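Should a chain be cited, it is by its letter among A, B, C and D, assigned in written order, with residues numbered from 1 in that chain.
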Amino acid sequence: MFIHSVKIRVRYGETDQMGYVYYGNYAEYFEVGRVEMLRSLGLTYKDLEEEHGIIMPVTSLNIRYVRPAFYDNELKLITTLREIPGKNIIFHVEIFNAEEKMVCAGSVRLCFIDKKSGTRINTPPQISDRLKPYFS
Amino acid sequence: MFIHSVKIRVRYGETDQMGYVYYGNYAEYFEVGRVEMLRSLGLTYKDLEEEHGIIMPVTSLNIRYVRPAFYDNELKLITTLREIPGKNIIFHVEIFNAEEKMVCAGSVRLCFIDKKSGTRINTPPQISDRLKPYFS
Amino acid sequence: MFIHSVKIRVRYGETDQMGYVYYGNYAEYFEVGRVEMLRSLGLTYKDLEEEHGIIMPVTSLNIRYVRPAFYDNELKLITTLREIPGKNIIFHVEIFNAEEKMVCAGSVRLCFIDKKSGTRINTPPQISDRLKPYFS
Amino acid sequence: MFIHSVKIRVRYGETDQMGYVYYGNYAEYFEVGRVEMLRSLGLTYKDLEEEHGIIMPVTSLNIRYVRPAFYDNELKLITTLREIPGKNIIFHVEIFNAEEKMVCAGSVRLCFIDKKSGTRINTPPQISDRLKPYFS
């Protein structure tokens, strides 16, 4: 397992008229979680795309909403890789508020595409090599 | 079953640097689908909230992304209720591009909350009465 | 002068916890206004970018907010070109609610960049030729 | 003068297919700038709204875009109050990239509304008292 944690502050524009974070905005939070996880491994998604020509489209998203998050809340995102990625990489995300209560939980599955050929590839070594030490 | 169809045009700000509609933006499209479905039944979500004091928070979201949608694409959203809603209402959504190819498919589950008491309620009659003729 | 009008429906995710359309979301409405104006001239921004290799970055934005717009409001966007574009193109936008009251007014200035060379160019003939009949 | 600085990381969903931060998303960055400025004064906008019943709608926005910002860029937002606020408060914002080059500059003007009465009020003492020491 590889676990990473990052904090995020809810912006005003991310709330809706119920006063809740709009349900679609969690997808962007999930993105922050996985990007910062990769960065903690010494890898930026930006480099992956620009230097190595690999893009990572999302192939599925699941979110279960447990309780609302509100404007200005500081949320904790726990992003977890439960298994070494192969053809896909699955990030599990749990979001907690300052009272350590769960806001939502979900997962995002992405694949890897070689930009030049447009074909799907396996997890590139830039990622898998850095993850191996955590999955033994 | 109750099926509703609506078209939506992809905005520039909804794409990302891959040139794809950003995966999180489909949640807003899904919202347009269910809101327009309710409107086709003679019911606005706005009235439900303002006149009847009922809010409908989303409790889960699932999306499977099949192929990208691009800027300026005109997308067709098919929103379906497969069963008469009870404690929850589940909207199934399929999105197709102009070539009738599937872009993504998913579902959103919402519950009903009475704003005054803050408690969960069953599908209000404003919705269920209008749906009954389609589920016999 | 060239004037174009289009309607837009406020989405739930575009409101904030004041119940107003979030001030930043009008930029996207303005985009819909100018894109649909171009389309009414037989020109898509998509083609401009893909077939003619021209991108149009925004160089300035001004908005004066007069009164709030609310969820589910149907807004009317009036987009106006007051002069034939040269090095820049300036779209003036006025947004009205269903009571014909002004919601906001503003302008967006964009320039033209040749994607290949990365240099600024004048208004391409694809646009100026179509506009000339309206400015004589 | 009162000057405040905060950093922000560009998210993937904030870019558009040009690869630039979408021009409308800067409004949300501006919001982060002024919210964090208020927080540095020991004041949260959340409290202002919830405890003191004051909302701050935006009345005008101006942005001049100098150069694009890109995905994953760490941007520095400099938010400045040039004068003690009266009926309005004007936040001037400058955004710089990691090379200290200006990305954009602009200003946002907001007013103060008493939620109960719905009328405009002057800058509440919660804000003006904290600012006075900086404007003498």
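Definition applied: a contact is a pair of C-beta atoms (placed from the backbone, for glycine too) under 8 Å apart; a residue touches a chain by one contact, two chains touch by 3 or more.
Bear in mind the structure is a predicted one, so any value in this text is a computation, not a measurement.
Same interface as A-B, judged by over half of the contact pairs sharing residue numbers, among the pairs A-D, B-C or C-D: C-D. Chain pairs C-D and A-C differ in how many C-beta pairs they share in contact, with the greater number at C-D. Chain B and chain C, compared by their mean Cα positions, are separated by 28 Å.
Centre to centre, using the average C-alpha position, chain A and chain C are separated by 33 Å.
Put simply, the C-alpha centre of chain C and that of chain D have 24 angstrom between them. Residue positions of chain C touching 2 or more other chains: 12-13, 18, 22, 24-25, 27-28, 31, 71. Chain D meets chain B in the complex at residues 12-13, 15-19, 22, 24-25, 70-71.
Chain B meets chain C in the complex at residues 9, 11-13, 27-28, 31-32, 35, 44-46, 70-72.
Residues of chain D touching chain C in their complex: 17-18, 20, 22-28, 31, 55, 57-65, 68, 106.
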